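The chains carry the letters A, B and C, assigned in the order they are written, with residues numbered from 1 in each.
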């Protein structure tokens, strides 16, 4: 029982990270129909930039803010330099471009930073908190609360602000959005910036627990995508639920089956969803217009 | 016209393979050449998947890994002759591709990208983790094919480099021949048609999901055979062959040379295989260069190098 | 005996009834036209009949078989072929290959024969090639056979789609605005071609904005407005129908302003 609770704690923690990656996917996917394979690299950048700014002597909070802002800028640059010029290209082309961006960012991070594993101190110390016989790290609470705050923030943004509604309108019908005067190029910029910032935030929050190196992005992208699919592509609620569920599945697999193969869970989930319910948990089936 | 085109392309390829050794300054270049041909073979498979059928895979190195480890494992554990191991690898790869591809290929393009990405990671995870069987990250020895010894007994003495240069070259020409046959066949037309418009292809009777699956399985077999050849010629194999980076290298070679063109694929493979030989610092910059090539080619030369050059030349003629 | 029977067909997109309770039938050798203002649901109706959309309500039957949920490639096997209003050409294939793709059902065979270029494959392909060249000549595209389809003019692409659709040897042909964007000569050619096909016993279902053409060649006309069938009958009856005049002909003055439907 204690063990189960322990697995649940660790599952929810990594699940919150996957949810953040999945939310990042969702924002860009909704605004542009692009599946951004460089999403995991945003998480890596968030962690790495914080590490190096902190080690250079910057106070941790400032280093974290710098990491989020710098990553957001990289996200915007990615859109301007690589996605916008290929507007309207076939899906395969866009996939190759974003996977290229992912490799490019990895390669750059390896040169600018290094190939080592890094961490920085947890925000509120490393003393585990005991709950019902299991323990949870204070940093895990930071991750979980962070994911919830981002989710609520996004929900408020999309339902309460004019800009958020403009993003949704663009997602719904690009041409119509342009006709009613929405600057869809700005919406794209915003989506990439926001998505990158959320990814970076996930990296900042989770690095003290899982550590970071230049090559963690691909696995995170895969898991974030699995989470997004599990919840239903394009659905923010689904991204949150899918992320948490995937995290739990992974932690339980690691705990009860094999810790070596916990990373296989994401792939099994992807195949399972494709076989059994391609629309995911919260997705709607749609008739595509020809 | 297309008939002539096919034999022209094959002739260019075969002549290049036959003539290049005349310019080799040392025996080492046979090794490099053999590596180029092996990479090119895998990339020709991707030409069928990406160029003909318009689908993508980010995990084809997984199939290369299966082909490679089949050669390492089957002779020892199943008592299979080393020459038959590539066949076993190809069958396993093909069946796996069939099983994974069936549910995925009914859906939109990026599902295949993600699922294949996951598949590749899974294969390299298994190869890395199952130390007892695969030797883990350190890799394992691969038994010799034995064919070179047979040739020696027949009085034909070849160095390892020369032998594998010839053998990989022959397999590449064979692979190119099959890919070019497919291009101008009913199946190839159906694949290219669904690439152009899935709706229109379906309305002329093409079973779109089935043809995508065929392209996926065929390309998986190409990758598997390439992996087998790599294992056999190196005599040693590590899980890197199945790694994500290897998958990305393959896609980059394909898009760089020209994803619809068999000769282009070979050119792309040659360029990206030679780069690390020419630039010793390349290893440091490899990911940076691969990523940049993918983005720049997709934006500025979506057809790839060779078709773009060909178009320019033709434009000048007219 | 009707070849195609459409019975109570309907579909809803996001709460909007794009097509509602539409019924009609087409017999072999008959030319039936579906007309109506832009947005009346003509193309949506075509997409349901040809299996691209799954209808929300109603049934489609072909030759007495219920084909309501049948996917497009199966319908093709049953003899239903179509063209598209917003061209669906295989741009990166030659003109000849586009038509050859239309021969898919007759030229397909063993995958091994295709991979190894066996004689059986070449015989199948040669036969299809012969037929394809004939069809290209019929739509006067034989000289462009080896060109990339993407380089053709709009009118030529329209004719290419018809040739590709004919390659199936269809029993019924759905033509979605075959004459749109064509000049007077081209449009007259298409007109004549349709009449020939019908005379050869092929059932034709036509969506067309060129009213003169519709009135001249149709045996039967179905009028849609806001997704509903408001009238049907022979050209003379339909053109006198006050509801049709109000709904459709009233908007015809604005016809030049919109090319899509």
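Note that in this section contacts are C-beta pairs under 8 Å (C-beta built on N, C-alpha and C of every residue); 3 or more make two chains touch, one makes a residue touch a chain.
Per UniProt, the chains are A = Putative translocator; B = Inner-membrane translocator; C = High-affinity branched-chain amino acid transport, ATP-binding protein.
These numbers were taken from a predicted model, which means no experiment stands behind them.
Listing every chain that touches subunit A (Putative translocator) and subunit C alike gives B.
With respect to subunit C, maximal separation of chain centres occurs for A (centres as means of Cα atoms). Taking each chain's centre as the mean of its C-alpha atoms, subunit A (Putative translocator) lies 46 Å from subunit C.
Measuring from the averaged C-alpha position of subunit B (Inner-membrane translocator) to that of subunit C gives a distance of 41 Å. Inter-chain centre distance (subunit A (Putative translocator) to subunit B (Inner-membrane translocator), centres taken as mean C-alpha positions): 32 Å.
Shared contact sites, meaning residues of subunit A (Putative translocator) that touch two or more other chains, fall at 290. Shared interface positions of subunit B (Inner-membrane translocator), i.e. residues touching 2 or more other chains, are given as 199.
Looking at subunit C, residues 52, 84 sit in touch with two or more other chains. Partner subunit C is touched in their complex by these residues of subunit B (Inner-membrane translocator): 1, 178, 181-182, 184-190, 192-193, 195-197, 199-208, 214, 218, 260.
On subunit C, the positions that touch subunit B (Inner-membrane translocator) within their shared complex are 50-52, 71-73, 75-77, 81-82, 84, 88-93, 97-98, 100-105, 107-109, 111, 113-117, 121, 124-125, 128, 146, 164-165, 167-168. For subunit B (Inner-membrane translocator) in complex with subunit A (Putative translocator), the touching residues are 50, 54-56, 58, 100, 103-104, 106-111, 113-115, 117-119, 121-122, 125, 129, 199, 244-245, 248, 251-252, 255, 284-295, 298-299, 302. Of all the residues in subunit A (Putative translocator), the ones that touch subunit B (Inner-membrane translocator) in their complex are 35, 37, 81-82, 85-86, 89-93, 95-97, 99-108, 110-111, 218-219, 222, 225-226, 229, 260-261, 263-264, 266-267, 270-271, 274-275, 278, 290.
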